[in-house]
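Chain lettering (A, B, C and D) follows the sequence in which the chains are written, and residue indices restart at 1 in each chain.
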């Protein structure tokens, strides 16, 4: 039994929609997982300690996660070293292709690596993590579901 | 009168097509510019010295420029310091969105920054540089033309 | 006569010290420049419009600029397109080498490119922008001065 | 019993020295692992299939892996999809701090993520992977050993 937190920031609802699909993907994975779905603002940095997997979604603002999402990571410094070995994943919703979506996801993954976390890419489509351009289309929603499943599967192997 | 080199690597012809549009864009810019269009393999590192602007295009191979394009930059080390202040730009052709196209362009720009070169983004569409997904569509070709024009305009201001 | 804003966020004083050296560098450059030195929190996004050059410094927090610095860029979206063609530069103060300092500077430069701004690297030492590890040493302070001079020189060429 | 390949490119011997320490680290880890140590040039892309973990080291050339290392990844496309779920790690030897070492390591990790591989950072010191500045000092050698141990430990958990 593992626990996975899905944390997002969403103003237009696009990133939120992806977050909900990530949760569905976690539930589809083999092995039982409890899922927590919260916004970055309402996530206390102490909660990160309770989760085996942490999946974070942010809108693409200037090619990076929003200040709200960044603020959660800045606050997480009180637990530096304690997230070592947890599994991470990231997704984003952007205005257009080539507009900073990959750099947003990589920024999220970089912060996870600095925490000593474990991340996985995918050899199919959005390699670093799922990207929606505008309102998430079928492809972006499917990618979000697959991200949830991928993280949950890895969590089950490592902590299940 | 400025000189701008457009260097590319292309296997399928997609990046080459973009390169040709970059050349068109240079010609549209105000101020006269001589343009040199070559593949990365046929570009001798000494030639870089002759150009005020250097625009490089590569296919996206594993989220980075191809080994051929990288090899040109590796060879350019003999002229380290001598490209300082030149203007650069980058473009790429990738298989799909979210598949490493932004990281390819940023990798190209990083190499230019390490040479002390000057690069400019754009507030519209593909911010770091134009991206084609598969066969370049109208949008990618227009972005390529705009990149050529942007670099030529900056070269004219700085060296014209 | 050009105007250059130096914006920073600093908790320990390390990034602030670098910011002050950046200002010294601007004053050393040929061509007159007015300099404005402010923290990211006290910088209103409207002020960005008044500056020909914008140099931003941030501590390295999880391999990225701090949430305060990010927040300034998020707020700058009201002026998206209006910073096109301005000159940018970035610097950071980090806890240790290999600890995210380069990714912090690149994140700052990426945001500037998305605004359509112009950035320049250097072929010497800290290529993307000056990095201090802990309390800024002579090397970091010299690099900061050089950054100020580099941006001011480019501003003078383009807008002087 | 797992198998881990350590692949490097080294001209001055610095990256090679780190590679040897990575191997030592693998041997220190709990769980038995067979190690293969090779240069990028002598590594056939087919061999990648035999390894549970792939650790790659490159000198920092213009902020990216060398063309030889890039060429191995370009060749690996024949096995795209088949490296999914393998464990990766990266290290680099650079001329100076702030000079592109982090971007080199991230470039290596990006290529691994695009293959669907699993990578882990560390909350201590060189977060993305060990960095040597010039001739590897004690710190860089220790970091290399820890990288080997970290990858071997994760391989043992996942495939042992």
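Assume contacts are C-beta pairs under 8 Å (C-beta built on N, C-alpha and C of every residue); 3 or more make two chains touch, one makes a residue touch a chain.
Remember, predicted model here, so these are calculated numbers, not experimental data.
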Contact-pair count is greater, between C-D and A-C, for A-C
Relative to subunit C, the most remote chain by C-alpha centroid is chain D
Whole-Å distance, C-alpha centre of subunit B to that of subunit C, is 25
Rounded to the nearest Å, the gap between Cα centres of subunit C and subunit D is 33
Expressed in whole Å, how far the mean CA point of subunit A lies from that of subunit C is 30
Touching at least 2 other chains, the residues of subunit B are 63, 99-100, 103, 106, 110, 113-115, 127-128
Residue set of subunit B touching subunit A in the complex reads 63, 96-103, 105-106, 125-131, 133
Subunit B contacts subunit D in the complex at 61-68, 70-71, 73-74, 76-77, 99-100, 103, 107, 110-111, 113-115
So, in the complex, the side of subunit C touching subunit B is made of residues 80-81, 83-85, 106, 109-110, 112-124, 127-128, 154, 157-158
